[in-house]
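Listed next: structures, encoded as structure tokens.
Paired with subunit B in one complex and with subunit C in the other, subunit A is shared by the two complexes that follow.
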Partner chain A sequence: MALLRRSETVIAGILLLAMVLIGTINPAFWQLDNLFSLMRSNVIIGIMAMGVLLVLISGGIDVSFPAFAVAAMYLTIKGMLALEYNGVVLPLLAATIMGLAFGAVNGFFVYKFRMIPLIVTLGTSAMVRGFLLGVVGTSMININKMPTALINFGRTDVVSVTKADGTTYGLTAMVLIYLGLALAMHLVLRHTMIGRSAYALGGDPEAARRAGFDLRKTIFFIYCVAGALAGFAGLLHSGMIWLANPRDFVGLELDVIAAVVLGGASIFGGRGSVLGTMLGVFMLVMVKNSLIIMRVDTTWQLVVVGLIVIAATALSAWRDRRRAA
Partner chain B sequence: MKAQMNIRSLVNRDNNILQLLVMTVLIFAVMTALSPDKFLRYYNFESITYIFPELGLLSIAMMIAMLTGGIDLSVVGVANLSGILAGVLFHKMAGAAGIADTGILTVLLGGVIALGTGLVAGTVNGLLITRLGITPILATLGTGQVFTGLAIVLTGGPAIVGFPTAWAFLGNGKILGLATPFVLFAVIAVLIAFVLSRTALGINLMLIGTNPKAALFAGLKRERMVLYSYMLTGVLASVAGIILSGRTNAAKSDYGTSYLLQAVLIAVLGGTNPAGGRGTVLGITIAVAALMLLSSGFQILRFSNHLIDFIWGAFLLLVIAINAYKNRTR
Partner chain C sequence: MSDGFIELRNIRKVFAGVVALDAMSLVIKPGEIHCLAGENGSGKSTVIKIMSGVYQPDGGEILIDGKTMPGMSPIEAIAHGVQVIYQDFSLFGNLTVAENLAMNVHLGEKRRLMNWRRTRAIAREAVDRLGVELDLDAEVASLPTAGKQLVAIARALMSDARLIIMDEPTTALTRKEVETLFRIVRDIQARGIAILFVSHKMREMLEISERITVIRNGRKVAEGPTGDFDEALITRHMTGGDILNQPYVWTPPPGPPPAPRLEIRSLTVPGKCEDLSLAIRPGEIVGLSGLLGSGRTDLALALFGMVPRYEGEILIDGAPVRLRTTQEAIAAGIAYVPEDRLTEGLFLPQSIKRNMLATSYERLAPKLVIDRERAEEMTQGMVRAMQIATPTAEKPVMQLSGGNQQRVVLARWLLTDARVLILNGPTVGVDVGSKAEIHAKIRELAQHHGLAVLMISDDVLELVQNCNRIVLMHRGRFIEDLPAAAVTEETVSDRLKTFT
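Coming up: the complex of A and B.
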């Protein structure tokens, strides 16, 4: 009974129902290559969603992470080309640190000036994007110039299958990175003091402060981790699509926030889980992907995502109200 | 003598206004010093009076949403959708004479549709926030996406080009030698200033923003007042959309996307407290003027639009820091 009441169970139920429905309308949905490509589309949004989950749990919001992701990605690849460096680990580390540094700026403004996170992150987002496009450059780095090590890393598969007509397809190994990061986030949220303090901050900042949580440390941790995950995901993304586009990720913040809220995180802070978020991400990616399979005009995508946000937030608000009452 | 007194009482009432005026003069002086021959031309100021009303109206709309501690992230979507719906109507109704000569009745109908769009959009936002209890950020983030999405569905992507002459007059024309959008802005600004400071709605909104709990216990109809404020916000956004489509003779789903950041920046810079309870039309008006001088100066200095975005963002963070510093010393 307790299992049934958990929001993860509800989300998983809805997800299964939606899968059966989509599969009935178009059986192509259940083909292995479609499922593999679905999982592949989960990776980048999923990694970013882990950061946004942390921010939402703490009662904040972040709209700057797509800008951080694109800046970390583009600057790292520019740097690799300038230094003629070809590798994987160091660049990923560099992008992560860059994202972390950007996130620290968010944390500084949110903590030091007690400013609404939305307004702070709007500002940092505009600054980072404006700087990237205005100072660093606007030209895409195509596959012929991309560092080969990144591309080779991005195309690694866990399993690969050969079709009857000789073409091969596989499940990208990036899924493992996503799962690893998700597990790490789960452990941090459930079993460390800093994770618990994020929940405490989202539940009631004043109570958290009086209970002895170090809010400065918590806020910096939250925004730094969100930034770091975004930077990491940004570079990983360019390795997976073999392209570095300084205008990438525009509007992605809504998809990711939608996925996290869909996954049962409370819009008022204090509630949310990694498992729920992963289900929410899968649901969002699946719906967007299935619109194409079901031949719905792509122009409807924004409307659908917007409606999902509204429905998910309305449900979340309704649930949390009832719980409080 | 009396005028002097008035100015003094005005400045004393809100020393934020004084700071804004000083800042505006400073920006003016710096830009004049940097490129005197280009910046001081009459044409430069005239073009500012055409461009700033749409941003000014969006900023006032943002300020009204902030009065109750909310925010409206859907204003740009509402503005574009309003312009596009009117444009679709004109293209459907255009006779053999062409769109430019559309009859005045059709133009009026287009105006009603555009304003109605804003009213409906604002009502949806208001109901989502008051009835369903969604936080304003997420509610308007979602509806903004839906409005922009509907705009894309209606146009299929490209811009709707060509509006009636009478419609274009609202964005391009002149009344008594002044830009029509500027006159429109002035009238609306005075009207909103009156509503906010002299009517029950305005006073209620300020009180609700200052202390929601006290307002509730005092028997204020919080839900209804907040709903009205978002309806007003929506209508103001659609007026901005009318002016924008009239000025550019086109409407597109992704016009003015950088206006969202700028409207938030101007609202905060203009002395609005995003946590609610404080905000004036006068502050917004001066802030818009200051930032318009700034951005036209940078454009004359040949800064790219991306760099100007960077400067807007930096300015927003700077203003936050300064406001926090001021509040600490007080």
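Coming up: the complex of A and C.
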């Protein structure tokens, strides 16, 4: 455990260094409104990252969660509009269950046919997106049609500050939901047998089978939770941006996987922690945010994220090799 | 009535029409150290799997404490105290020692939550019971093989074991580690727990066991107290024939001494080995031994161009060469058969032919197109010359036995017209019969083809029998250069023991 702790300390150190660096280039970085907006940007990616972390630990990979998130979000809001239902808890529950059901499909193929998770999730991702656009619709649901309860929920702040010029800004309460889910994931991973079984599966599937783990349960749990978190995050996202776009989240899988790997999780399975992942998410969001502030073109942001994935994966592969040696 | 703890009676097991075990009987008495000896493919692992409930026999019966156990499952076997330590240990490298040890207890109790304090307590108790030092918080992947084995043994002991089956436990251990293992095994025995050693290493069997059962082709061919056996007898039972063990003699040709095939002059790999000088003449087989970490593998890797930053000189047939890449080494006529041929040397799912030709494609395709006829010719010739037991060269290498796989690796290098052959643990994991054949092949290559052979091995007997000189290495330096005719296995082993 000392080693794991050390890899998180390293990530935290790099993060701090990056913050100082960015702060020097752009002093506005340290202003409270920028920090609040940064934390706000952590929420959706962070919640999704919790699911991806779980999948990566088990030795799998998931690229279908953005599709599941957008489908759960769009279907739920369409449903709310059709039923003229205006609430928060039930829709969030519905989106979560939808995501869970999609995740179960991933789990089924991964367990039953022992398929490579990348292929399974690429396939389900394409199907879900295609189905959504082809059958459900392609039109955006704008703020004027969005259920007001969701919008009001999404704009809740924990603290709000009034600036000298009279404008106000605040820290969104969604951060608390993110922190709560992260804590829950930490407890599951560290202190439940199902969480440990994910580590065991990622460490050595054959040994896990021999030891007597119920791998069917483990695999379904992993992909269902990843799907459920994606569905939940999807709807939460639309409440936060007051918009439901069925073409949303394209390319998000790269960002989230980059963040998780940056946070020290091994792409080969068996290693990773919630704290590291949260640091990784923060780092990624911060880098992207700074690129925007520095007016770097979005195309160049892609290059940076790609670079981060490769550098972080190379580093963790190097680390794992050294440990095994 | 039976006085055994576990007894197999006339066990028969058939896989897809192939008889793996037939009329196999085996009795293990409480608290004895028993050895099950047999070559690879003789049915040893099938016996293990039947005793541990993984396979159901197609005929015969299993008795535990004199009671028949029809349709015994793995869980029943464990409940009756049968524990297996697999060759790969079945541990989780990414988890700590403590968690690996406590995992089965948690699973057995069908727990939902993970109690870390209890995990540590369980692990502490397991380690104390074994009486060894293990860092409970260390990640298992960071432990050496011997350490992993200790974790596996400690885990097996936790479940009120009455019989611990060890599958080839000494394969990856150095002589010193084997001695530690044997001490632990005797400790375990003192507590009334029986041990079944499954092995093909005769000297170790004779050293540790009280009774031996030898199987060949799925049948028991001999059984009795260890005192009734010696190496030659076990070999005869295992192989069904005698194997000659004549030491290798190299006589320099008359006239002026030939230039060394391979000569190294004060070779240094920073941090690994220092100031090494050695000359091997055509036809010589030079043995190299030393503890793990003595630098012997680093020397081999440097000679094969895998350590570009070496210092000193390397000469092939008197001509200095600079070996910065494996390509340069191959071009210079150096061939290397690595320690772990399975992971380092072979493409397991690929055919024998492709594996053999892997380093020869450049010569086979001078104009980009492979000369198929010549490729076929070369492969067939090699399959015959190396006596590889296969109907066709298209067979995937993973379907071959360990000995045959090793021969494929040798064949590959012979096809490159190697002049210097470096063998690292050439017969690790290979059974007695194939071992003798591989040794014969190596001697033939040296004697008749004028190769210079450097044989690195932990198996001192192998070196004494097959080399004309033995070099001992310690902490990156050559300590001694002994003519093999002047030493015995014991003297070399004793010398190695003084290295720490």
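Some points to look at:
Operating definition for what follows: the second predicted complex is superposed on the first by the 320 of 325 C-alpha atoms of A that agree within 3 Å, B and C clash if a C-alpha of one lies under 4 Å from a C-alpha of the other, contacts with A are read in each partner's own complex, and residues count from 1 in each chain.
Keep this in mind: contacts are C-beta pairs under 8 Å (C-beta built on N, C-alpha and C of every residue); 3 or more make two chains touch, one makes a residue touch a chain.
This is a predicted model, so every value here is computed, not measured.
After alignment on the shared subunit A, the placement of subunit B and subunit C results in a clash. Once chain A of one complex is fitted onto chain A of the other, the partner contacts of A:190 are limited to subunit C, with no touch recorded for subunit B. By the touch criterion defined above, A:116 lies against subunit B but remains apart from subunit C after alignment on the C-alpha atoms of chain A. Contacts of A:303 after superposition on the shared chain: subunit B is touched, whereas subunit C is not.
Of the two partner chains, subunit B is the only one touched by A:318; subunit C is not. By the touch criterion defined above, A:25 lies against neither subunit B nor subunit C after alignment on the C-alpha atoms of chain A. Greater residue coverage of subunit A by touch, when subunit B is weighed against subunit C, goes to B. Once the two complexes are overlaid on the shared chain, A:267 sits against subunit B while remaining clear of subunit C. When the two structures are aligned on the shared chain, A:134 is found in touch with subunit B, with no touch to subunit C.
In summary, superposing the two complexes on chain A brings one listed stretch of subunit C into steric overlap with subunit B, and the stretch in question is 345-353; the others among 129-137, 345-353 or 381-389 show no clashing C-alpha atoms.
Looking at subunit A, you'll find no residue that touches subunit B in one structure and subunit C in the other.
Interface residues of subunit A, counted against subunit B in their complex, comprise 61, 109, 112-116, 118-120, 122-135, 138, 254, 257-258, 261, 267-268, 297, 299-307, 309-310, 313-314, 317-318, 321.
Of all the residues in subunit B, the ones that touch subunit A in their complex are 71, 128, 132-135, 137-139, 141-150, 152-153, 156-157, 258, 260-261, 264-265, 268, 274-275, 303-314, 316-317, 320-321, 323-324. Of all the residues in subunit A, the ones that touch subunit C in their complex are 1-3, 190-196, 199-200, 202-204, 206-208, 210-213, 266, 269-271, 323-324.
The touching residues of subunit C, counted against subunit A in their complex, run 75, 86, 88, 90-96, 99, 103-104, 106-108, 111-114, 116, 137, 139, 141-142.
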